[in-house]
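Below you will find the structure I want to go over with you.
A, B, C and D label the chains in the order they appear, each numbered from 1.
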Amino acid sequence: MSGVLTLPARRTAPGVFVALAVTLAIGWLVVTVDGGQLFSLPTTVSLLHVAAGLGLVAVGQTLVVIGGSLDLSVAYVISLSTLVAAEAMNGDDAALLPAIGLALAVSAAIGLLNGLLVTKARINAFIATVGVGLLLKGYLDNGYDGPAGKTAPALVQGLGYQRVGPVPVSFLLLLAVAAAAWLVLARTRFGHHLIAVGGDPEVARLSGVRNHRVLVTAHVLCSLCAGLAGVYLASRLGSGAPRVGTEGLYDLESIAAVVLGGTALAGGRGGVAGTVGGVLLLASIDAIFNQLEVDAFFKQVIRGVIIIVAVAIYARRALRKAAS
Amino acid sequence: MRIAESRVLPRFARVRPGGLAPIVAILVVLLVLLTLRQPDFLSPPSLMSFLGRSAPIVLLAAGQYFVIVSGEFDLSVGSLVTAQVVVAARLIDSEPSRSWPVVVVLLAFGALVGLVNGVVTTRLGVPSFITTLGMFLILVGAVYLWSDGAPKGGLSEEFRRFGRRAFEDVPALGRIPYALLILLAAAALAVLLSRSDFGRTLVAVGGNPRTAGLSGVRVWRAKTIAFVLSGVSAALAAILLGGYSGVSFQAGAGLEFGAITAVVLGGVALGGGRGSVVGAMLGALTLETLFALMNFYGVSGALKSTVQGAIILLAVAVSSVRSSSR
Amino acid sequence: MIRVITALTTAAVLALAGCATDEPSPSASSPASDAAGSGTGEQSKFFVRADYDKELALLGAAPTGPAGKPWEQALNPTMAQTAKFSKPGPYRICFSNAGLNNPWRQVGFKTMQAEVETHRGQIKDFVHVDAEGKDQKQIADINDLLGRGCDALIVSPNTTATLTPAVEAACQKGLPVIVFDRGVDTTCPVTFINPIGGYGFGHVAAEFVSQKMKPGGKVLALRILPGVDVLETRWSAAKVAFDKAGVDVVGVEFTDGDPAKTKKIVNDYIQRYGTIDGVWMDAGAVAVAAVEAFQDAGKPVPPINGEDQLDFLKLWKDKKLTAIAPTYPTYQWRTPIIAALKVLAGEPVSNPWKLPQPTITEDNLSEYVDANMPPLHYAMCGCTDLPGYPQRWK
Amino acid sequence: MADPPPSPLLTLRGIGKSFLGVRVLDSVDLDVRPGEVHAVVGENGAGKSTLMKIASGVYAPDEGTIDFAGAVRSFRGPRDAQRAGIGMVHQEFNLLPERTVAENVYLGREPVRRGLVDRKAMLSRTAALLDSIGESSLPPQARVGQLGVARQQVVEIVKALATDARLLIMDEPTAALADNEVERLYALVRRLQERGMGVLYVSHRLKEVFDLSGRITVLKDGRLVTTVDTARTDADRLVRHMVGRELSSYYPARARPDEVGPVRLTVHDGGNRKLRGVDLRLRAGEVLGVGGLQGSGRSALARALFGAAPFATGDVRLDGAPVRLRSPRAAMRAGIAYITEDRKGEGIVAGQSVLDNALLASRALLPGAGRGARAARVRELLAAVDVRAAGEDQEIRYLSGGNQQKVVLAKWLALGPRILLFDEPTRGIDVGAKSAIHDLVRQLARDGAAVLMVSSELPELLGMSDRIIVMRDGRIAGELPAGAGEEDVVALAVGAAREAAT
């Protein structure tokens, strides 16, 4: 027994990064044989942009999933956030910060609602967030018949198109948010409590953790991340778009990225590093298939298979660990 | 063994918490509101056609019930319905004689998808949310791929009558849609099944898998059968839906959420172990009534989802708070 | 907990009540249903009077260009010089596609591929990237294509407003950019190709429906989903026509393109109003379902419009409906290839390039009904002369 | 000695608590002084754990007051109690397997520096705490899931120590500890005592109680029997206080020799991850008791025989024929039933009705067959075991523990088992129902069943068994005949060395 004890508790990097490396290597080979270039500047930039949008949402989603919850309303929150931001800016750089603040505040309020429904009203997170999503959908459908508002030019230039070398500012934003989320999980009391609530709510409660408060906070943070993704998308699109979230399938894709990254859907296990890996994996598949001009529907089949296989592998590993 | 005097009370003294009362109450309120607006809604012809067109979602809810009560999710049913409808159109290709064989193929296909969902979930330890989400992506992608992006062929009238036609000139009722009869038969089967040994065992699996396993239940087998039932119900729903409205890539869109919502509205607990199939089916009927209600009240098309969302949240919140304050 | 429930109750009640008070004006319709003056509610912000007038004028204009080849014709052409893009072939032509997620785009894209095949000598490479209906991905796709040595870039934008910055960025690279179907809010592309457009479509259909029905009759408007510009313009033109004709638009409903939902909606409206005297739709996808709803309810099918999808045309012919099918022709997918080659050869092209937008009526219906093609094929594909017809489209 | 006793740290007055109508505590008074170890003893079901949970804020009392450090408290949760200075070592593990030792120890009160969790401080403080109880070999950054049971218990204790509590509640803290670890715990408790900390110490082991405590409170059936100074009492008197009741002193008559039939089940050299070299013979008509400390392999033996955690090695024979008990189903087919110790976790389906629970095993094993007759038979059985419920459709979670256990028994009896494995058959069951269960167990043996009964309650084990085997470290340490004394069992359970020392 004591031999086992000396093992370090921190686990090695999630398998998703191995998968990412293998995917990129094979992808690079195939694309090169095909006569293309996988790592050309524009392709890399595009890949990172796609990753940035999905990544911001997925990092937030990671937090609620670790807490044993789930947020299926993020797609609508994103759409709403693009609209709030773009309409409040109305093309005026002076309104930039207040508008971003407003968009984030609205998002946070929705997260608060989600959190209260899950904790105080004791509605299963699946139903609660689908329900809130429907509320928002009605608002968007009723209030908007197309893109509205105009993003401040400074934001478009800065967040939307500016880059440092091959790395877009938005991807740096993602890295910053992911690092912040990592810090929150690893180094704040809230983070520790969140992992505990997801791992075993009863243990958390008996240890003096205020489960409800923790879960509500996680939902607020998740919605904030979605709101931030919305601000980013507004900077890319130049305006608010009422269906950008749902068209992008950000709800299901973010969950896919989270589980690809090794976070357990049941909660209590996982982290944002894996999620970023999952996001990069999905974006790389996109990029490779783009280069090869593979049918989008075929890509979808592949994605479905990858998600199932990845989680099956994680499940097998967890099983082996439990047995050892 | 010493035989003591029976302390178990007779059947009429049953206590049944978490029963059908809430969903029946909601349904009645909606029906009253509907009848106030549209007095002839409950007249036989109107009611028959309403029940007929509601059959697919009610069937899906019944199938989803078995999966949810066993503690799992099936998010793949919507895409399965779409796939089935498109496959049916291509296989039948407007050729009447192929209708029956294709019905059989569809049922087998539904069962197969359910089997794969079940085996992957139970044997590979993948959470069913992920398994069926993956299956959702695979089915949608595959069916688009296979049909090259646009449905091919067409459904024969023979195939479509299940979902579209009716026994005409029935005394008192006017017409009885085939779909309604199929629904009634399937619902009766579902009720029987849910009361059967398997059905009760499945509830035990959802309620406490460890107890079930230690009582000799093969948990993985029970759950897999539940997924197969869901797949078969999706096949039936696809046959009726394809019949009702023809071939389209939109045929099954969003039905998985509709079915899960219906089941939860019907008092079935997500996570398993509680609820009845009748409740699930009533939940589906309630959702359909809600849609009709909104049509009759002229709720703006765009606002419908808000009303739907608010009512679902309200109903579920009330019932969950009720049951936890017990 | 109680507070949450109270809030929910309030929301539900407000939502229901808010709509229930629409009672007096039966048109519980999109954006704001309480506008008193017109029966169809407030005009969409997509409605631009000048464009509307221009488009309606184009309906009567005579096309220039080779007869029988509407995809090469232009209405009221205004030529743009392209000499600066002239370069020797063969070319690599790149195409950023909004999506392939509906039959219209599928038929169109196959038509485009076939068109490319007819120019095999001049086009060495045709690069296609599918944005899967996602704005964000299309922006990234366009950026990606800029690094792939394209000689010309064709864009079919997913959303007009949101794709504008990306298209502008592409123009700045000095590449000839050709936009078709939906437009962009910038003049930088070499040309913007599309048929007359949404106003024309909506107007033709609405005129027909209101003329064929009794005056003041009840019309049900069926729309696919809100917020798609092409569809919004169709509806805004229809509104004008309906208001002018003084018909009673009893409902504007979104079907999500789901035939089952369509049938339920139509069925409920038939029950609610007894009869519906006309049906207007912003796209043909669920026209058959709408017709079936009347058939199944045992009611005569009122004047209705569809699109050039074959299932509707067949039904129309078989059941002798009072119908019309304005089109948004898929042959427009041929034109960008033709235009790109012209631009790269330095030949002038019209900008904007307005294509004719034929309407299928009872008179020419039989020309378009082809029992051998699949039900969701679009008759107005202009593809019968292309290589691989009909197999490629089956 | 001459000093007046210091004013109490914790005072409980008139504490009462009921669960679903079952009275588990009735006007209990208790106080703990600073620097005092106050032991609470009583049989299983006496209400000790509930009382501790009330003191630590997990449950709110229905009646009575809690006075801590000079103020009346009404804790709204364990967090309140912790803040006030009451730490608790739980009987069941209260740890997150996925997290490190340090993270578990400081869960809910992580040290913070500049807004962030101070990992260094957390690790060093955990290390210091571990060191202070002589567990410095346990790395603070080890993942708890990788630790053995004993070390997890150590973490559990350290977790409570880390609260800077003024009062520490220890609920059976030594249940999983080895001898040297117990000694260390003693040293630790004494050190805490010197610092002026009060300790509420719940234990079954009288030796510990006498070694450590200053006063002892005896609970019985949810009531206070007495509180005595440890110095003024002895084990005999204490046991009389604990056991002194009429109902449980009665056990049904043992099997007469002519009632014991042939050997039903033999195990030769059975072993798996928790068991080694098990040799066993079980006869029809007898009740074979299995004793031993927690974790000694008692339950593992029952689970191995039931196929839930099968033997990996060895040879099992049923009526002389080899049989492979690889799964519960296989065991059930062979006529074996297993009544688990964890009734809530794996004995019942809480949300299902009495009838559904009683039918579960028959439905699983013989689906569909003769449903009407079977239901009638199960109803008869429910009546026969005297289940008291509002109706057969009542959800089983609303039943008392004893009635739940009877339903579980009916579930197994419906299969007509020939071998019954009882694991703590009367755990958490009120006194009246206990003897009913005892009667049922004996009656089953009398009707020809072979019964194996695991019990940690010595009176029950001694009173019910026709033979007793005692487990230690996954082996059968020895066998005792009917009529053996408690000391014999304890001696075998803890090993001869300890016996000599006592």
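Simple rule for what comes next: a residue touches a chain if its C-beta (ideal position, glycine included) is under 8 Å from a C-beta of that chain, and two chains touch if they have at least 3 such contacts.
Just so it is clear, the structure is predicted and the values come from calculations on it, not from any experiment.
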Far-end chain from chain A, centres as C-alpha averages: D
Which of A-D and B-D has more C-beta contact pairs: B-D
Distance between chain centroids, defined by C-alpha means - chain C, chain D (Å): 72
Centroid spacing, where centroids are CA-atom means, of chain A and chain D in whole angstrom: 45
Distance between chain centroids, defined by C-alpha means - chain A, chain C (Å): 33
Of all residues in chain C, the ones touching two or more other chains: 1, 4-5, 8, 11, 15, 30, 100, 226, 254
Per-residue multi-chain contacts in chain B, two or more chains: 149, 300-303, 306-307, 310, 313, 317, 321
Overlap residues in chain D, where contacts from two or more other chains coincide: none
Which chain pairs touch, all of them: A-B, A-C, A-D, B-C, B-D
Parts of chain C lying in touch with chain B, wherever the complex brings them together: 1, 4-5, 8-9, 11-12, 15-16, 18-20, 22-23, 26, 28-30, 33, 100, 102-103, 105-107, 223, 226, 251-254, 256-260, 262-265, 267-269, 271-272, 285-286, 288-289, 292, 296-297, 311, 374-377, 394
Interfacial residue positions of chain A with respect to chain C in the complex: 36-37, 40-43, 45-47, 49-50, 53, 116-117, 120-122, 135, 138, 141-148, 156, 160-161, 233, 236-239, 241-244, 247-249, 286-287, 290, 293, 295-296
Chain B - residues contacting chain C, complex: 38, 40-41, 46, 49, 53, 56, 148-154, 164, 241, 244-251, 253-254, 291-292, 294-303, 306-307, 310-311, 313-314, 317-318, 321
Interfacial residue positions of chain A with respect to chain D in the complex: 1-2, 4-10, 183, 186-189, 191-193, 195-196, 199-200, 203-210, 268-269, 321-322
Of all residues in chain C, those that touch chain A in their complex: 1, 3-5, 8, 11, 15, 30-31, 44-46, 99-100, 127-130, 132-137, 139-141, 143-148, 158-165, 169, 225-229, 232, 254
